[in-house]
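Questions regarding the structure given below will be posed in turn.
Think of it as A, B, C and D in the order they're written, each chain with its own count starting at 1.
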């Protein structure tokens, strides 16, 4: 049942792939009125001039948000959101930041991984890491504060961390990870819409390559959250490494597809674990989750295309004494815009799945 | 506003690509209760075992429809539906046939193009060619008859004819086609889900080929409908060729993508036509259509992926004295399941767009 | 048998896709010594830094050709080659221009189709249109002149014209084309290596679109050569249109693959023609051609990938009174670099197939 | 310099993808006469009817090899070659088996991994594991024996082991692997040409999935060879595990491309290792190899497409105390047919690179 008054929502940075995906989801959201879309030097341009697939929405782009909004989604390059968020919060606007500027708790991680000094480290403490499956209570609490007058700030997770954390959370929480290697495969839409020669069709097609070897920025998020889970305190930034996950070996690959992330987590368990034990752990973790399904055959990214769904698979092996945990997502939905909407729903007291009901598209 | 009592719907042939797409659309349709899905030797199998992307629906497949249904969608090989439809109609069930068995008015076209003698030629007269943009009044009339006790029979158009007819209808109706060549490009999902070596990824990828040269079965539909449009009598089966479209040169191609059809219609006009005249013709034809948008740059199939949308483009050229008309659709939605649902909505007096609201997915 | 002294060859514009393909072919050419590769601001860069697949060649790029070369291949933007060719010819260097600057005989076609005034119209008369299957005698004659001291100038054909002309030449020469529509499909490597947002993988993948509607520049070449064939005088620039091919309706499409062009030519014949007659015509035209094979099932671009091969298919249809002629090529080999090498071989008196022996790569 | 008398070669199982690739390479091999190609029930069929890209070779397929051959390549399902090899050897024919039947030294591995009892375990001792970079001396020795009258038997390595062993060999040989996870990505041509619904384009495109979790058959080969390398005795079958590689965690993935394998090896080193040390190790290992190139940016499979080339990359990381080693190959060339030809060349005393000179094809 939509609320009598829809939530007025703006999108800053509506011209990229995440921006387009936010429009696609929010234009059809039953409790949202999309009142402002901004893109640089885009005064009055129809959305269809930038996103031809959205031409029928008849929305327009503006250079600046004008008019009051209750919430704003930011889809901006890293470092940019950090500059703009304080003013938005001061105006009383709740912020869902799709970028990395409010994901990390330790301000020192920003110069280390992103190469900039965070201009507002004080906000890192109050921001919520917007992965509902791990931080739902905090999102709901931020929503309560919002209703009481304090706008919320959500740092929506990166695409790789989303898949990886959902694959590993039950193991991390149970203290079962002695060692882990995360090997991920992604479609190229995660690289954004800027024209780069290396992302041309002719360069990407019929080829696969690793990148960001030992240096991908998402490593920081994964270490933070896995450490917290293992420490038994989500959000904790303790310097210990009870989970054996500091110094995470994370290796992403670009594969010739547009959407989708598959993350394969190779775990050396801290003690022998049976498949039955894993099945119970994962069923307990995800049995009530609206978007996570545990499956017993290796899932394909094609099974979740265009949806906010997650498929998680876990297998224990006696011969090798290892566990492999796999998760698949659509990087632009559960890995970006859909996840932002899911957190937004929680913060605004809406049905968590509102606007996210689309089934995956296959074949 | 959904009706108090949902329409009970069954799908016969739910395991192929069109069947899966029907489930995807109808499971989320606000006025439908999906009460039966059948597939050969599929007693109690969860839908997810056949369509992993639909695992979360928790529907099951059966060998036979059991229980009453108000309407049934058939997604069966050609020749099969013709056998089963009479009994369904006798039971009072409205039938939306996604195959070709009830698309052609002239029974002689079946042995000629499909290689079988139609077992129920008397039904060809009462069946409606389910392209709402051309036959909306007939669909509504069939719906009125249905409400009065006579179940409706809809022959849902083929994928190529859908795109081609929507590209050409305004020209045909205006008697502007002196000669036309239709050159179409399709993703491979139209070839179905049966294992054929020529449809293996390794055979299709990084390659394009024509097929069905001068012999594709959809030619019959296109000639029938273009002829009728030109004759000024939609549905007419007159043997004349006022439109110059008998002996249609239709050439389809398979291209390395899964979904999407683009049809390029090369027209030699019967008299000189200006672009302004074309713009008016097309605006009048499609201005009120819920799913057809006329665009002024050549559209891509990627602009309609996963949706029931159509983009139509038309250009007149002075130098060559020709017209090119292009349409793009998603072959599994507007070219199959979505179109079936659109016709179903009209027959059941529902909002024509019910269950078809999804925006296209891009990138 | 390689000549005692290899031909010294340079490539100007070696960093793009055609440049890379020229290196791939010429580095393995038995009669060629590759003595100079140039790219802007590329002083001493290893070829592998630009073309990683060619890293093992251990060649280097330079900013300028230095040292003597017998022949130079130009892979430059249109308008650029026209500026540089006179000086190269004066130095006695034979030029194979892969761009359009020396393909057209009528200087007026350059402002009309390419938007620049040709700076050296006098060279258009002496340049040879480098399609060996149509202009072999001229290439050999230019080779004889070269041996006598006059360097040759070859305008190597465009990718679309190559496929189209080989599909249609036997019909055009026989005066059988009353009307023709050319509908072509291309992989995206033809668009070059420059970073353009519309050529990103995420934009091209799983989508097809037409472009250059009624305005593609290659139309000029096709009209010139088809007209000449029909006039019975290859190379003729007469203004008449005996072939009905002035005002050619040529429509190219971009499809989601890297290499390959398929051109489908829809012909209205000037008189009824049997399939047997077509078979004879095409067998006579191509029976002795080293790279053209006439096939009797519709060919796929995947059948010629990576090779200089061409497959041609022609079909006459009684019902529609039409002919469809199809040709497939690899746009970077027979449609660009390979064709250049083939012409080069003829001009230097080498085996026409030298360096072009690679069989196609499939799957 | 080709030998006066070419080697007469046959291919048994010429109709699949590996068979086609063998024809492509051997038809152009300067020292080979291709005298027999067999495929089931293929009496007199032209090669082009099965491999359209090879139509110009004008070779034919037969049901049985007839006539004398010096060597035969087998491209057969596992278990089949083991039946046929003894008779071939008895006739004096050297055998290059592209399948797994002669790759493993321990006969017990066949029932364990392949589900069949090896019918000729005595041959496993004399067969050579045909990875020239690790077993060149043995191949040359087998060639000397062949010249003296004893035909050679080569078990040509699997595609995944080829890439993995070349990535890891220098580390294994130096005893530097304390623990290793191998995560591989493959194009689908490795799955062969049989029609399977799961390999349809529409199923594979725009999707990635893991398969063979903890159970892929190639694991056996990798454990055997890595163990031998670590034991300091290539070819050793000792039961110990000095390398920590028994119980190998090997996880392959299918990605939407036709050719190419990338294997990422995540190594926990047995002691701290600097990048400089790794650079030296790999330079020493591969500096003289004709087909292996060590690169310092992560390689893409597109860099080796269509060639017998291998690119190897290795990186040590201080923060995580890990090593990542990556190799890319074309699975049908260096991972199958090309590797077979390379071993064949060594066994017949030819230039190791004969017939394998093609540069990679890009883009």
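Everything that follows uses one rule, which is that a contact is a pair of C-beta atoms (placed from the backbone, for glycine too) under 8 Å apart; a residue touches a chain by one contact, two chains touch by 3 or more.
In this text, all values refer to a predicted model and were calculated from it rather than measured experimentally.
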Task: Between chain B and chain D, the fewest steps along chains that touch one another - done: 1
TODO: Select, from A-B and B-C, the pair of chains that is joined by more C-beta pairs in contact.
DONE: B-C
- [ ] For chain B and chain C, let me know how many angstrom lie between their CA-based centres, rounded off.
- [x] 40
Open item on the list: I'd like to verify one number: the distance from the centre of chain A to the centre of chain B, where each centre is the average of its C-alpha atoms, in whole angstrom.
Closed with: 37
- [ ] Going through chain C residue by residue, note those that touch at least 2 other chains and give them in order.
- [x] 17, 187, 189, 193, 202-203, 205-206, 256-259, 299-300, 302-303, 305, 363
Task: Of all residues in chain D, those that touch chain B in their complex - done: 17, 187-189, 193-197, 199-206, 256-258
Task: chain B-facing residues of chain C, complex - done: 179, 181, 183, 185, 187, 202-203, 205-211, 213-214, 247-249, 251, 253, 255-260, 262, 264, 266, 268, 298-303, 305, 315, 317, 319-322, 324, 326, 328, 363
Open item on the list: Touching residues of chain A toward chain B in the complex: what are they?
Closed with: 17, 20, 24, 27-28, 51-57, 189, 193, 205-206, 258-259, 293, 295, 299-300, 302-307, 309, 357-363
